[in-house]
Structure formats: structure tokens, C-alpha cells
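In C-alpha cells below, several structures.
Look at the two complexes coming up: subunit A is in both, with subunit B in one and subunit C in the other.
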Partner chain A sequence: MTQLIAGQLLNGAIVGTLYGIVALGVTLTFGITGIVNFALGVFMMFGAYAAWYFSDTLGLPYPLAVLAAVAVTAAAGLVADQALFRFTRNNLVNGLLVSLGLIAVLEACALLVFTSTPKELHRVLPGIVMVAGLVLPKMKLVVFALLLVVIFATYAALTRTWTGRAAYAYAQNPEAAALMGVATSRLQTGVVVYSCGLAGLGGALYASLYSLEPTLGSLFILKAIEAAILAGIGSVTGALLGGVILGVTEGVGSIYLPLAFRDAYGLVFLVVILLFKPAGLFAGRR
Partner chain B sequence: MNRSIVAVLGAAALGVSLAAQAQDVVKLGQIEAQTGTLATYGWMGYQGAKLAIDEINRKGGFKVGAKTYKLELVSQDTRGNPQEALIQLKGLLEQQKVKYVFGPFLTNVFNGIEPYATQNNGKFLMMGGATAIHAMLGKPNHEYLIRTWNWDAGESGFGQLMVDYLKKQGAKKTAMLFQNDAFGKVAVDIYSPIFQKAGIDLQIELFEPGTKDYSAPLAKLAAGKPDFLFPGYTDAVLYDIVRQATETGLFKRFFLVRGSMGPGLKNKDLIDDYIAYLPKYFEDAEKKEPKVKEFVAAYKQYYKTNDFPYDQAPLCSSSCYDHVYMLVQAMQKAGTVDDVAKVKQALLSENYRGLWNIRFDHTGEAVFDFDVLHMHKGGNITATRVNPH
Partner chain C sequence: MTRLAGTLVIAALLAALPLATQSDFVLTILVFAFLQGMVAVSFNLVFGYAGQLSMFHAAAFGIAAYATHLFMQHLGVGYWGGVLLGATLVAAISVVVGAICFRFRLREFYFAVVTLAFSEMARLTVLNWNSMTNGSLGINLQEKATLWIPGMGVTRIESTVGWYYLALAALGLTLLACWRLVHSWMGRAFAAIRLNDELGDTLGINVFRYKLVAFVAGSVMAAFAGSLYAYFLGSLEPGYLSIDQSLGIIAMVLLGGRSAVAAPVVGALVLTALPHLINFSAEVRSMVYGAILIFTILVMPQGIYGTFAQLLRRRHA
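Our next item is the complex of A and B:
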């Protein structure tokens, strides 16, 4: 039993980083543009299919396929921003409606192009790692490590570069930031594109672990928003920790409680946390 | 002047002719999930029906009595949502005046539309594959129902025959891992007594639909040391379950009553046994059966693809394809396109030899022959044809 729990703690943390990478996009976009971009889930789906296409259809090596998928998803994010999201800045309802519309359109397009037959990437890194009786697929550990690196690199960039500080400044006081010379429009576009790129990265790495279907993003965006709220919107490391907490809660909860209600465990946990810390666990921290 | 009169009369005659042709169309409704996680059956069913309808129309339609009719498919995407399906069914029956409806294949969708459909008993015929339809067949006010899929239980039930096959493989304990949804629960109700009767222990875990990571349930089930894993009912979950179960070495033997060979073949080197129910092993049948070969070629041409979905086609596409032809034959035999009771009677008397050999029993449930496929380590497949007729 101890092994089973330890295994699920570790597995939950790994799955949680996937929630975390999308949650990071959610929290950045909300902080800078004032909208909750539900469409980040479909950008994740876009990245996943792009990685599958570049790797399994065009035959690119997987690392190159991931980079290409991130680039294509970020480009798609730029198009979406210029065509749609820039008209919804700081308007929560309009932003929400546009992102929901985008989900419907992109999911339908994915269904037309890729059909409902699940796509499965070849095994990028087969094999398992056994540590003290715990069995973990190698690829899961690689995905975990990569996502941690990207999340902490984002944190470093936000706290140690001029652009990052400008983003924080803008999130706290847009008028003052603009008066201090921050190119607000470019900053907002940059954040939307970067968030889409992060979602694309999450999708491309997801493709190496799970099968792909057009609706895969819908589940992840809900978890990501849950993780972002749990952590407290605006916290970068909090997004990661929120995702990990959610993943671990689901994994360990599934051992003791009926598996059929796994998604509910995270939500119950979220409600309990919000009762005591209404702004989220790490609100106010970077 | 004469020329003008001829032109006017000609135009009038053409108009009358077009109007008559416009009336001679039989509308076939379809309510299936064509998007969403449970879309495989509906999407394939839509493709099969569309292909058959196109073939019939391109040949000039079909004759019933002295009239020639063409078919028109009015297909709706339920997305697996019963509320949407109900609105769509109302639209089909009340606005489109459809008398023949294909679908639904999903139990939750059927449960949602059943009360409304029952109110309209006698006005239309519904040919659906949903498991829940089984319980309604033969009940008063449910004459509109025909079930287009083999039933699992009973002496000639495919599920019963599959479990018999499993027992011959020496199975003493099996772990069932299914979706916690309407069909998942029905499957548990169907298979628990079948396994019990066969003397095979059954551990059951239901998971939340939409789950992608199965590490927890697989580890939990593996702790009970079952001989076989009996996982979910759609490829959308099977690919992930089989991959994760084999990758971690938790399970090497699988038993399926729904879903395709695809997940097994993808992981063939890590699997000892992968036993699956398949109405038609297309890869094999294409080589041996001319009708199947023609169907595969027609599918590729119509959908402009070189990739025939071998692992998905048997799930529904080919059966819906056959069902369109069966329905046309039944209308011809009944001598009417409007009297649904007569058409149903004619359908029940058919013994159709298309891609599949299909007949309906007296309740209106399909009985067709099927394959038990057994994939061994490395991907070698043996197929056993089972004829429950």
C-alpha cells in the first residue's frame, strides 16, 4: 500500500505539472489582458496534434517536432490575438465569449482534419525507471523535468528581466506602467502569444504520453483554471504548485475513494482552500 | 408565337416534373454523436450511411411500386448530449417529417430521447445500436424500435460466447475497468452475471469519463493479480489504458467486447494476449470477400483517402452501410415508403447478406456473425468466426 501511495504521489506531481503549464498561461493572460482565456485548452490540443503531425507524419525527430509545434501554436496564438482577442482586452465577458467560440471552431476543425479516431504518437522514449519498487515511465520523468525547467525559466524571466518587471508593473497598475514607457499593446500581445506557446508546449509533451483526440483541451483547461484559482491568480510558481496539488489530490484520492468521482476530489479540495484562503494559496506571491 | 407556346409548355412540364421528383425523396434522419469523446460509433455510422445513400442515388434511386425514390440523409450531431439529441429528434419528426431514424448508438442519448420517441410510436422507425434499446424491445408502445447491434447476454449473445472463449484460455480472475457512465454501468450489469456463471472472479473499477491517466486504477487493479484486464468500450480510452498498462508491465493480457484491435497492435510486443470481439476482421475479409473489397475501395474513393480505417470501420460504418440497403429492400418488399409498420415487418423477415450476414430476431434485435480475434505476442492474429444464428 505504501508503494501504491508513493507511486501516486509521484505520478500526481508529474500530471500536475501538465496542469501547471496551462495554468501558467491562464494566470499570465488574465494578469495582463484581463480575460480568462478558455481557448488555451484548444491551443494545447493544437500543439499536441502539431507535434504528432511533425513527428509521425513528416518524420521530424521528436525534439524538433516539439519546437516546431510550439512555434506553430504561438503563431496561431498571434493570429487569434490580432484577429480576436485584441478587441476584448480587459473585458472579461467578451473575452470569455470569444474564447468559447474559438474552442467550438478549432475543435470542429480538428475533428474534420484528424477525425475522432485517437492518434497516438510513437513511443518517444520507451522503458521504465524503477526506484524502490516504484515504476515510472521514462518519458513521464522527462516531461516532468522539461516542464519544471520552463516554468522556473518563466519565473526567472519575469523577475529578472526588464520585460518581466514591466509585465508585473502593468498587471499592478496599467496606467502607471504606460506612463513609464511600457509598450502596453505589444506587451499584451506578447503575453497572449507566450501563453499559447506554453499551451502548445504542454500539448506537444502531452502527445508523448497520451492519445490525442480533438476534445483533449477541454478537460485540461478546466483543470488549469482550477489550479490557477487554487494557487491564486497571478502567482507563477503558484500555478505550478496548484497543478501539482491538484494532480496529487486526484492520484492519491483515487486509491481510497471511488475512482468514478476523481475530478470531484480536486474541486472539493479547492472549495475547502477557498473557504480559508479566498484569494488562493499563494496569492500575492510571484 | 408557336415557339413561345412550346417554350412555356416545356417549362411548365419541366416544373411539374421537378416538383414530382422533389416529392419522391425518402428522408433518412440520423442522430449520432459525431464529435466529442464518444463520437467514434456515430462518426463511422454517419460515414457508412452517407456512402450507401450516395451509391443508391447515383444509380438513379430505388423503385417502390411504379415510383422511383431517392434518399436524403438528414444527419444531426448530438455530441453525445441527450438534451441536444431530443431537440434534434423533435426537429426531424415534426419539421422534417422523417419516418426513418438511424441512431442513437449511445445509451445515455437513447435514455434522454426515449420518452418523446415513445409518444410518437407508430409514426416512425428508429434503428439504433444503443445497449439500452435492448430492454425496451417488445414492450408496449415501443414498436418504433429496432436494435442494430448484437446483444451481449443469452446463449447466443456475443458477450456470453466471448466469456466462454476467455474461460478456455484459463482465466480465473479478470479486472474490469470501465467508464462511469450510462453504458459503463449497463456493461457491469450485463457482464457480472456472465462472469459469475462462468466461474471467473470479476474485480470492477469505474473511472470518470475524460480520464487520460490510468496509473492509479491500473496499479489498484493489478494488486489483485487478475489474469486479464477487461478495459473500457471506446478506442478513445483503450489506447491510453492499453499503453499505460503495458508500458508499466502491470497487464499483458486483455479482453475486449467493444473497441478495436488498434490499441493492441500498437503495443503488440508488450502484450501476451489481446482477445477482442469484432463484427468483421476487415484486413482479412478484404482479401477473401469481394463485397468487402468493393466497400473498402468505394470508401476510399468517396472520402478521397488512401487510409481506410480498418480498426474503426467494423464498429459501425459497415453496419450502417448495410442497414441503408436493408431498409431500401424492406420498403420495396413492403411496397410502401410511408407505412412504417409494414416496412418494419419486411425488415424483420429479411436475412441480409451484405458486408455482414444480418437478420433481426422477433423482438427486432440484430443477430449477426462475428469474429473473435486473438492477438498473440508480436502481433500474430488468429480469427475465429462465430455464427450465433
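Our next item is the complex of A and C:
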């Protein structure tokens, strides 16, 4: 039993970093553009299918396919930003509705192009590692490590570089930041594109672990938004922690409670957090 | 007075329509459009007038549809008994959900997320409560809706024409109820809450109470629409409660317009008729919905009704 729980804890943490990477995009986009981009889930799906396409159909080596997928997703994000999100800055309801519309359009495109039959990427890195009697696939560990690196690199970039500090400054006071020489519209576009790239990376890595369906984005974005809110929107490390907490709750919750309601545990948790600690679990921290 | 005359003329024309066309195709589309219009109008009460982006509307619609069937089957009540019990159940649930959200002062995005969470919980319950709801397969409804008609006693409504009048009457009642509500002192409280609820609070408006009234009233109207819709279609499925359904409702309201009580009906007519007139597959239909949603928000934020009203006003001026 302890083995089962430990296994679910680890699994939950790994899935949690996937929630975390999308949640990071949600948090960044919200902080800088004032909208909640539900479409990030669709960009994740886009990244996953791009990785599958580059790697399985075009035969690129997997790491290259991931890079290409991230680039393509970021480019798609740039197009979406210039064509749509540019017009909904700081208008929460409109931004929400436009991103919902974008989900409907892109998901339908994916269904038409890739059909609803699940796609499987060939085994990228077979083999398992045994840790204290726990069986862990190597690829899961690689994904886990990669995502952690990216999230902490983002954190470092936000706190150490000029652009990063400009972003923080902008989130706190847009006018003052503009007066100090921050190119605000470029910063907003940059953050939207970076968030889409992160979601694309999440998707490309997801593709190496699970089979792909066009609806995977909708499920993930709900989880990512839950994770972002859980930790308090606006916090970078909080997005990761929120994701991990959510993943672990689901993993461990489904041992003791009916599996069918797996997706509901996070929701119950979220509602309770929003009611009693509306600023998030780690309010006041970055 | 001209407005009243205009309304009466439109109502008379719609009531006379089955005399002009016997086409089942046209009438079926209109029944769907009227019932969807009911949902859209009631959603607009919550979203357009009181300013609360509720994602619970599809859940209210679906819960009532399932509840009507289950009450009829397990309590042995008639169709209208089931409809009333279903609406009562939805009212009770939305009082709880609304009270939780508004008591804790959840606004805008947070309100949308929490109502979405409740809506998803309802959907998961319907999806997994196999003994009652038959899970993802849904239920084929064996019972028929009945209605007491003077001179004919209690009869089953089976013909499309019968449903046409029932749906038209239901839509008319919904519009009337919303119109009365919005143009009362309560409607002014809704507007104050939409524009600035903190200011409304300082002016002595009980923000909690009127948000709750708007939310529950909207949900109950959606509940009636759900019970009718399910029995016209003759089947139940968990998709009634899905996020896509919520998205469809929002699209109708935005496309129609938010500024008048009846404006969302225009959106419902267009979006219901469109897929029937042009033969879309399910994927293309969802794509069109999404594209319309984006287009209306970016290009025509006032919706069809608002845009036309503005054009007319400009011509008169």
C-alpha cells in the first residue's frame, strides 16, 4: 500500500509539472495582458501534434521535433496575438470569450485533420529505472527534469534580466513601467508568445508519454487554470507548486475515492481555496 | 405604444405561421430556435443585465432535463409535475451555488471559474451515476409530454405544430417575465450591480440579494427550457451539461445582442437555423460557432440587434 501511495505521489508530481508549465503561461499572460487565455490548452494540443508530426511523419529525431514544435507553436501564438488578443488587452470577459472561440475553431480543425483516433508517438526512450522498489519509466523522469529546468530558468530570467524585471514592473504598474522606458506592447506580445511556446513545449513532451487526442487541450487548460489559481495567480514558482499539488491530489485521491470522479477532486479543492483563501495558497510570495 | 404594436404584430405573425407552412422542417427548426432562445434570453438576464458570467447555465438546463425524466419515472408524477419538480430542484441547487459564490464575493473571472467547477461536477455526476442516468449512453425518453387543452382534455403533444405553439408560448412567457423583471426597480438594481457593484453597495442596494435573484431566476428559466427541449428531442445525454453547450449559449447572446430582452432570440434563430440550412458536420459546426464568437466580439460587439438599432437611430437622427 505504501508503495502504491509513493508511486501515485511521484506520478502525480510528474503530471503536476505538466500542469505547471501550462499554468505558468496562464499566470504570465494574466499578469501582463490582463486576460486569462483558455486557448493555451489548444496551443498545448497543437504542440503535441506538431511534435508527433515532425517526429513520426517527417522522421526528425525527437529532440529536434520538440524544438520545431515549440517554434511552430510560438509562431501560431504570435499570429493569434496579432490577429485576436491584441484587441482584448485588459478586457477580461472579451479575452475569455475570444479564447473560448479560438478553442472551438482550433479543436475542430484538429479533429478534421487528425481525426479522433488517438495518435501514438513511437517509444522515444524506452526503459525504466527502479528507485526504492518503484518502477519509473526513464522518459517520465526526463520530462520531469526538463520541465523543472524550464520553469526555474523562467523564474531566473524574470528576476535576473532587464526584460524580466520590466515584466514585473509592468504587472505592478503599467504606466510607471512605460514611463521608465518599457516597450509595453512589445512586452505584451512577447509574453503571450512565450506562454504559447511554454504550452507547446508541454504538449511536445506530453506526446512522448501519452497518446494524443484533439480534446487533450481542454482538459489540460482547466487543470492549468486550477493550478494557477490554487497558488495565487501571478506567482511563477506558485504555478509549479499548484500543478504538483493538483497532480498529487488527483493521484492519491483516486486511490481512496472513485476513479470516475478523478477530475472533480481538483475542482472541489479549487472551490474551497477560492472561497477561503482567494489570493491563493501562497499569497504574498513570488 | 409603437413598440407594443410591433411586438403584437410579430407575435400574431408567428402564431399564424403554421397556417402558412405545413413544412415539418421549418417548424422543427423554429421549435429548437425558440427553446434555445429561452435559454439565451435567460442567460442574458444573468450576464447582460446583472453582469455575472455564469457558466452554470448549461448545467441548469441539463439537470432539469434529467430531473424531469427521473421524477416522472420514480415518483410517478405527470410530465408537468416532473417539469415543476425539476425546476424546483434547479432553483434549490442554484440558490446554494449562487449563495456560495456571492457570499464570498467572487467576481468576474473567479465567478466564472467557480460556476464552471460546479457545472463540471454536475456533468461528472450525470456521466457516472450509471444506475440513474445510463452514463454516457444517455436515455431514450419513452414518455411523451402532455398538455391539458380546453375542450380536448389531457392530450399528448406529438405533432410538430403542437410543439411549435408550446415552444412559442414558453418563449413568450420567458420574454415577458424577463421584461417585467428588467424594467422594474429590480432591473435598476441589476444595472447598478453590473456597472459597479461596490458603488451599488454604498447606495444601499443589497448586492448579494439581487445577484442571487438574477442568478436563480435565470437558472430556473433555463430549467424550464431544458425540460421542454429534452422531451421535444426525445433523448437525454450528458452533453446537455457540457462546456460546449455553455459556449453555444454565450455565442447566441453575443451574436443577438445584449441590449434588449428579446435580442438573444435573434442569435438563437441564426445559430440554430444555420447548421440546418447549410449541411455542416459536427466539427465544422463547432468551428463556425467559434468563429462567430470571435467575429462578434472583435467586429460587432453589440450583436445583430444592437448594430441594427444603432443604424436605425442614426437614420432617424
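Structural remarks
Definition applied: the second predicted complex is superposed on the first by the 282 of 286 C-alpha atoms of A that agree within 3 Å, B and C clash if a C-alpha of one lies under 4 Å from a C-alpha of the other, contacts with A are read in each partner's own complex, and residues count from 1 in each chain.
One rule holds for everything that comes next: contacts are C-beta pairs under 8 Å (C-beta built on N, C-alpha and C of every residue); 3 or more make two chains touch, one makes a residue touch a chain.
On a predicted model such as this, the values are computed, not experimentally measured, just so you know.
After superposition onto subunit A, partners subunit B and subunit C are found to clash with each other. Judged by the touch definition given at the top, the superposed model places A:215 against subunit B, while subunit C stays out of reach. Looking at the shared chain after the overlay, A:261 reaches both subunit B and subunit C.
Legend: residue contacts after superposition of the two complexes on their common chain; A:251 is shown touching subunit B, with no touch to subunit C. Of the two partner chains placed around the shared chain by superposition, subunit C is the only one that A:93 touches, whereas subunit B remains out of contact.
Looking at the shared chain after the overlay, A:105 reaches subunit C, while subunit B stays out of its contact range. By the touch criterion defined above, A:163 lies against neither subunit B nor subunit C after alignment on the C-alpha atoms of chain A.
By the touch criterion stated above, A:128 is placed in contact with subunit B alone, subunit C being left untouched. When the two structures are aligned on the shared chain, A:118 is found in touch with subunit B, with no touch to subunit C.
Among the listed stretches 5-13, 41-49, 59-67 or 113-121 of subunit B, only 113-121 clashes with subunit C once the two complexes are superposed. Shared interface residues of subunit A (contacting subunit B in one complex, subunit C in the other): 107-108, 111, 258, 260-261, 263.
For subunit A in complex with subunit B, the touching residues are 4, 7-8, 11, 15, 107-108, 111, 115-118, 120, 123, 126, 128, 135, 137, 210-211, 213-216, 219, 250-251, 254-255, 258-263. Across the complex, subunit C meets subunit A through its residues 53, 100, 104, 106, 108-110, 112-114, 116-118, 120-121, 124, 127-128, 243-244, 247, 250-251, 254, 283-284, 286-287, 289-294, 297-298, 301. Those residues of subunit B that touch subunit A in the shared complex are 34-37, 39-40, 43, 180, 205-208, 210-213, 215-217, 219-220, 223, 235-236, 239-240, 243-244, 247-250, 266, 309, 311-312. Listing the residues of subunit A that touch subunit C in their complex gives 36, 84, 87-88, 92-94, 96-98, 100-105, 107-109, 111-112, 218, 222, 225, 229, 258, 260-261, 263-264, 267-268, 270-271, 274-275, 278.
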